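Take this structure first; my questions come after.
Per-chain numbering from 1; labels A, B, C and D assigned in written order.
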Amino acid sequence: MIALPSSLNANLVIGIALLVMLLVVAGAIVRTRSLLAAIILFSIYSLVSAVWLVVMDAADVAFTEAVIGAGVSTIVLLGAILLTRGEVEKPGWRALVAPALVCAGVGGLLIYAAAGLPALGDPASPANAHVGRAYLEAAPKEIGAPNIVTAVLASYRGFDTLGETAVIFAAGIGVALMLGFGPHASPLPPAATIGDHHVVLRVSAKFLIPLIALFALYVQFHGDLGAGGGFQAGVIMAAAIILHALVFGLRDTMMAVPPRLVRSIAALGVLLYAGVGVACMLNGGAFLDYDYLFPPAFEKQVPGWLLGDPEHAHHWGQHFGILLIELGVLLTVAATMLTIFYGFAGRTVEAIRQERGA
Amino acid sequence: MISFETLYAAAPALTAHAPVLMVAGPLIAACVAALSPTARTSWMISVTGSMFAAWMALAITGEVARHGAVDYYIGGFAPPLGIAFYIDGLGAMMALLVSSAGVMASIYSGHSLAAEVRAEKHTHVQAAFLLCQAGLLGLVSTGDAFNAFVFLEVSSIGAYALVAIGEKRDRRALPAAFNYLIMGTIGATLYVIGIGFLYAATGTLNMADLSARLATLGDSSVVQAGFAFIVVGLGIKAAMFPLHGWLPGAYSFGPSLIVIFLAATATKTSIYLMARFIFDVFPDGAAFGRNFIAWVLAPLAATAAIVCSIQATFEREIRRILAFSSVAQVGLILLGLSLATILGASAGLFYLMAHALMKMTLFMAVGGLAISLPARRLDDFAGVARDAPWSATAFAAGALSLAGAPLTLGFLAKWRLLEAALNAGQIWIAATVAIASLLTLLYVGRMLEAIFFRSAPAGAPRAVEAPVGVLAPVLVLAGLNIWFGLDASLPEQLAGAGAKALLAGAP
Amino acid sequence: MTSGGDLLIFLALATPLFAAVAIYAVGRMPDVRETLTVIASIALSIVTISMFMRVGAGNPPVLTVARPLAGLEIAFRLEPLGALFAVMASALWGVNSLFSIGYMRGKREANQTRFYVCFAFAMFAVMGIAMAANLFTLFIFYEVLTFSTYPLVTHAGDAAARRAGRIYLATLVGASLVLFLPGIVGVHLAAGSTTFIPGGLLTGKVNVVTGNVLLLLLVFGAAKAALMPLHGWLPAAMVAPAPVSALLHAVAVVKAGAFVILKTSAYIFGSDLISALPAATWLLWVAAGTIVIASLVAMTKDELKLRLAWSTVGQLAYVTSAALLPAAAGLVAGGLHMLIHAFAKITLFMCAGAIYVATGASKVSEMRGLGRSMPIVFACFLAGALCVVGLPPFAGMWSKFLLITAAFGTQTWITAAAMIVSSLLGLLYLAPVAIRALLPPAGDGSSGGFIRPYGAPGPVVAALAITAAGCVALFLFADAVAAYLAPIARRVP
Amino acid sequence: MSFILLHFNYVAVAILMMAGLFVVVSSSNLIKRMIGLAIFQTSTGLLYISLGKVSSGTAAITVDAASPEKQALANHLDPAYVAQYGVAGVVYSNPLPHVLILTAIVVGVATLAVGLAIAVRVREAFGSVEADEIEVLSRLESAQAGSQA
C-alpha cells in the first residue's frame, strides 16, 4: 500500500461524499414514477458528476459533462416528454425479477473485478504508468500544447476524435431523418406570440447572445491552453442560437439560420476535419500528421519566433492542425445540436398545435 | 483458379495510404452526399464512395497477400501512443467483404430506395449509409481497442436511424429500431467497460501491446472481468445466442438498403472483433479463454444453430425467416471458430463469407420483389416465380446456397465446417452442423415451395419484375453463389489467410 | 481429352438433361413428348453402350469439370461397375418409357409431362452417379436424384402421397446430410481426396476405429439401399403409380443405393480393409436380419406392390452383404445381382401395373384366376418371380449361386443361411401369386372384372415381355457379365 | 479500512451502472429507458476517470516549472514522490482516460438524441411510448397480416 499524501484524504472525502450523492440521485431516478422528475434528477446527476470529475482532476471531462449531460441531454429529454407525454407505470414485482437478475450478474462481475483494481490514486498502477505517463512526457515536446488532454485528443488520438465527430454527424442525420422532414416538421411554425410581452427578456437576450457566442469562441481557442475545445464550444454556440429561438420564437430563428444550412454545416465540419487529414497525406505525411499540414518548403519560411519558440518551429503544423480540426468539431457539434433542437422543437410546435386543434 | 496474390496492385503511394483512405473515403463521401442537392447525385456519390473503398480494400488485400500484415500509423505516432491500423489477412478479408457488400448495396439502392423512402430524405439516407460503411471498415482495420468502439458506434448510430425509417412501409420498424438501439448501446457500453478493465490491468489500448502485456500477467479478476464484458458486449452486437433479440426485428422492418448491408456485414464485423480478442489479444495461456470456448461459446453457438433454425421454420413472414436464419448461421460461424484450429477458423471464416453472400442475395431478391408487392408474409409470395422469374431465380440461387445444395458456395461452406469439426475430433459439432443443415432445408423448402410451386390466390396483388438497376446486382450475387460453388479458390484463400493470421501460433 | 472419351461423358449427361428441357417445352403435345422420351432413351443407350465397350477395351472415358476446393473435384471416370449400371439404367429407361406410355394413358393420369420431365432428370442424376470419379461428385448427383424423384413419389398429389413424399425426403435427405456427407468428409479428411481408386482409397490410411465409423456412416448414409432400419421410405413410396415404382426399384433409386455401397466397398475401402473391419461383420448381421425380416414381412402383405417392395428391401440387402463379404469375389456377385434383380423386379412391377390398369386389382387375393384372361402378363410375372427366387433357367440363379458360394467361401454362415432361407421364403410369397392366378378361379369366377375391354395396353405388355426375356437372356450371358466385372475385385497391387 | 476507502469509487460506480442498467431493462417507458441508458453510459466514464486519478495529481495542463502554481502544487508533497511520479517536477493525473471519456460522453449524447427521436416517432405511430402496449399492437398487426388472405 502506498503512503497516502495528506491532501488525498481531503480529496478522497469530497469524492466519496459526491459519490454518495450520486448514489442517492440514481436511487431516486430508479424509484420515481414521474418522468419530469426523472429528467430533472438526471440533470442533477450530471452536474454532481461534473463536480466529482473536477475533484478527480478531469477538468475537460467535467466541462463536457456539464454542457452535454446537464445541458443538451436535459433539453432533448424535456423536448421528448413534451412530445410523448405519459407517466411511468409501476410494473409488478414479477416483471422485475429478470432485470434484477441481469443487473445482479453484471454488478457481481463488476464488484468481483473491482477487488482486483489498483487503489484509487495509485501512481504506479499500470493505467497510470504506461501510455498515460508517456503522453505527459512526450506531448510537450512533440505537440507543444500545454493542455495534454487536448494534445492527446486532437493529435495522438485525433482519429478517435474524427470518429467521434462522425458519430455526432450521424446523430444529426438520424434525428433529421426521424423528425426533420415531413408534414409534422413544418419548417416555418407560426411566430410565437408569447415572447412579445417580455421586453426585458428580449433586450437582455439580445445582449446575452453575442456574449455567449464570444464565450464559445474563447472556449474554442483556449482549448489547447486550458479546459475546453471544439465540443464544449460547439454546444455553447448552439446554446446561443437556442436561446434566440426560445426568446424570439422558432420561426425567426429558422429564418435566420435555416435547418438546411445547419445540416450542411454539420457535414462541412466533418469534411474540414477529414480534409486536414488528407492535406497532411498529400504533403507526404500520414493521415492527420499535422507536422505535414504545410509543405516542408513552406514551413521553412516561417520564422521560429512567430510562436515564441525558436527551437520548435516544427509545432507550427501541430498548432494549426489542432486549431483547424477543433474548428471542424465546433462546426459539426454546433450544427448537430441545432439540428437536434430544431427536430424536437419543430415537432413540439406541431404537437401543441395538434393538441389545441383536437 | 484466381490467385490471391494477383489481386489488384495500386500505385505504391496509394497503397501506402490505402488503409486510411478506405475509411476516410466513405466518410468524406458521406459528408458530400449530405451536401449534395438531389437524391440522384447523392446516390451517385454513394456508389462512387463505396467503389473507392472497395478499390482500396482490394489494394490492401493484394498488399497483405504479397508482403504480410500492413501497419499504418495515423498521425505518424507509433503505437501504443498513437492509433495504428493493423490489417492482416483476416482484416483484409473483412475489409474486402464489407466494401464489396457496400458497393452492391449502394448500386441496388438507386431504385429500391425510391420505393421505400421519400426523395427528400435520400441525401441523408445515403450519408448515413456511407457513415455506417466507414464505421465498419474502420472497425475491421483498426488495431486500437478503443478506436474500435468509436467506429462501432459510427456504424451503429447510422444503422439505428436507417432501420427506423423503414416505418414508411411498416410502423413496426420504429420499436424494432428502438430495441436495436437499446441493445446495441448496452453491448457497446459493456465493451467499453471491458476495455476499461483491460486498460486498468495493462495501461494500454493498442491490441498488439495489450496482447504482449496480458501475456506477462497472470489471471486476475480484472482481466477475467474485462474478457467477460468484451465478449458479452460484442456478443450482443454479433447477435450471439441468446443475445440476439434485436436482430429479427431490425432485419425484418428496415428498408432494403440497410438490411442487405447489415445482413452481410454487421454481425460479421462484431464476430471478427470478438475473434480478435479471443484468439489474438488474450493469449493462449489465459486458461479461462480455452474454457470459455469449450464450455460457453461452442455450446451457445450450437444451441443457436439448432433453436433458431427451428424458430425460422415456424415464422410466417419471409424476412423474419431470413432473420432467424441469420442468427442460426452466426451460430455455425462461431462453431467453426470455436474449434480453435487453423482448419476450423478457416472453415468459420469461409462460412462467414458464404453466409454474407447468400443472405445478401436473399434479402436483395426479397427487397426487389417487395418494390411492387406490398407483402410480408410467405403466403403473399405464393407463385411469385411466374410474375417475376428473374428475381425468383436469384432468390432460389441464394436459398439453395443457404440450404447447402451441392454446386453452390453454401455446400462447400458446410463441407469445410464438417471437415474441420471431424478433423478436430469434435463429433458433436459435426453432428450439430449436419442437423442444422437439415433444419435449414426445411425452411428453405417452405420458401421455395411458396415462391415456385404454389399459385397466387385469385385477386391477390401480383408482383412485377424488379427494375434492371435492382436486378443487376441481385443476379450478379446469385451468379457468384454458383460460381464460387464451382471454384471457391478465392474465398478459400481469403479464409485461409485470415485463419492463419488469427491463429498465428496454433496448430 | 484422348479420343473423345470426354465427349461421351458429356453426351451421357446432356442427353437426359436436354430431353428434360425438350419434354417440358413440348409438354402440350403428348405424342411428341413421348416420342422424345423414347428417342432420348435410345440415344442414351447408344452412348452408354459405347462407353461400356470402351471400358471393356481398357480405355475408360475421363472428364474433369471443376475443382471447387483443393482436393475436391467434380470429375467423371468410367469403370466396369459404373458402365454396367449406366447401360442397365439407360436400357431400362427405354423399356420403362414404353410401359409408362401405355400405363399413364391407360390410367389417364394427371401431370404426365411432369412425370416425363422428372424421369429424364432422374436419368441425368443416374448417369452422374454411374460415372462419378469420386465420392464428392457422386454425392452431388445422389442428391439430385433424391430431389428429382420426389415429385414422382408424390405424383398422386393426395394426402397419402404427400405423407409418403415427406417420409421419402426426410429419410433420404436426412441420412445424406447426417450420415453420408460426414462420412464423405471423413474420407476426404483421412485420404486427402475422395477419388475412387481400384483396390481401395483408404487402404493403409485409416486405423480400425476410423474405418469402422466411416464404413457405418457411408453404408447407412446411402439410405437408398434401404438397409434396416432406414428402409421405411421404400414401402411408403408404394403410393406412387407403377412406372414410378419401377423407376424406384429397378432403374434408378434403390439401384443407385446398391451401386454406391458396391462402389464404396470396392474403391474406397477395398476388400482388404473391409476384411479387417469389425463393422463389416456387424453390418453383415444387419443385412442378414434385413433379408430375413423383409421376406417374412413380405409374406404377410396382401397388397401386391407392397409385397414386392418388401421383397426389394430383402434383395437389396443381398447386394449390401455381397459388398461387405470379406472376399473380393462378393463384389462381382453383388454387381451381377444388382443387374439381374433390376430386370426381374422391373418385370414384376410392370406386371403389377398391367394387372392394375387392366382390372383395377391391386391385392393378391383379388387376382385368383386372372391369369386365364392375361396369360402373357402372368407368365412374365412367374418368370420374374422365379428369377428373384433364383431358379434356373433364370439369371437370378447365377447371382445367387455366386453370392452363396462367396458367403460359404468366407465362412460367413449367417449370410449364407439368411440367403438360403430367404430364397425359400421368396418361393412361398412370389411364385404362388402367378400360379394361383393361372389356376382356374375359385367358385363362380366373378373376380375377373375387367375395367378395360381389351386387357392391358399393348406397350405395357410389350415392355414387360422384353424384360422377362431379359431375365432369361441374362441366364446365358451371366458369365460374360461376371468376367466384365472381374477387374473391380482386383486388389491393391 | 483504507482498502475499502480506496476502492469505494469502483463499488459506487458498479452500483451506479447497475442502477442505470436496471432502469433500461426493467422500464417499459421508452423515455425512462433512455434515461437509464444515459446513466449507464455516464457511470462508465466514472470508472475510467477513477482509473486515471493520481494521488496529489493535478489536471494535465502543463505548468511552467518555475511558476508559483507549480511551487504551490509541490510544496506539501513528498519530494521523493514527486521525483518518482512527476513529470518535470509536477505530478499530473493521467490524461488518457479523460480523452477517452470525452469521446464516450459525446457518443452517449448522440445515442440519446437518436433514441429519443425514434421514441417520438414511436409515439406518433403507435400513440404510446410504453413498450408493452407497443408490443401488443405489433402482435396484433402481425396477427392481422396473417388473417388477411
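To be clear about the criterion, a residue touches a chain if its C-beta (ideal position, glycine included) is under 8 Å from a C-beta of that chain, and two chains touch if they have at least 3 such contacts.
For clarity, every value in this text was computed on a predicted model and none was experimentally measured.
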item	value
Chain occupying the middle, per Cα centroid	B
Farthest chain relative to subunit D (centres taken as mean CA coordinates)	C
Centroid distance [mean C-alpha coordinates] between subunit D and subunit A, Å	12
For subunit A paired with subunit C, centre-to-centre distance based on mean C-alpha positions, whole Å	76
Length of the line joining the C-alpha centres of subunit C and subunit D, rounded to whole Å	71
Separation of subunit B from subunit C, taking each centre as the mean of its C-alpha atoms, in whole Å	46
Per-residue multi-chain contacts in subunit A, two or more chains	106, 110, 113, 115, 117-118, 125, 127-128, 131-132, 135, 157, 160, 163-164, 167, 170-171, 174-175, 178
Where subunit C touches two or more other chains at once, by residue number	none
Multi-chain contact residues (two or more partners), subunit B	146, 150, 153, 157, 160-161, 164, 193, 199-200, 205
List of subunit D residues in touch with subunit A within their complex	2-3, 5-23, 25-32, 34-36, 38-39, 42, 45-46, 49-63, 76-78, 81, 84-85, 87-88, 91-103, 105-114, 116-121, 123-124, 128-130
For the subunit B and subunit C complex, residues of the former touching the latter	1, 404-407, 412, 414-416, 418-419, 422-423, 430-431, 434-435, 437-438, 441, 484-489, 492
In the complex, subunit B residues that touch subunit D	146, 150, 153, 157, 160-161, 164, 167, 171-172, 174-175, 177-178, 181-182, 185-186, 188-189, 192-193, 196, 199-200, 205, 316-317, 376-377, 379-380, 457, 460
Partner subunit A, residues of subunit B touching it in the complex	17, 20, 24, 27-28, 30-32, 34-35, 72-77, 80-83, 118, 120-121, 124-125, 127-128, 131, 134-135, 138, 144, 146-147, 150-151, 153-154, 157-158, 160-162, 164-165, 190, 193, 197, 199-205, 213, 220-222, 224-226, 228-229
Sites on subunit A touched by subunit D in the complex	1-8, 12, 15-16, 19-20, 22-23, 26-27, 29-30, 35, 38-39, 42, 45-46, 49, 52-53, 56-61, 64-65, 68-69, 72-73, 76-77, 79-81, 83-89, 91, 95-96, 98-100, 102-104, 106-107, 110-111, 113-115, 117-125, 127-128, 131-133, 135-137, 140, 146-149, 152-153, 157, 160-161, 163-164, 167-168, 170-171, 174-175, 178-179, 184, 225-227, 231, 333, 340, 343-344, 347
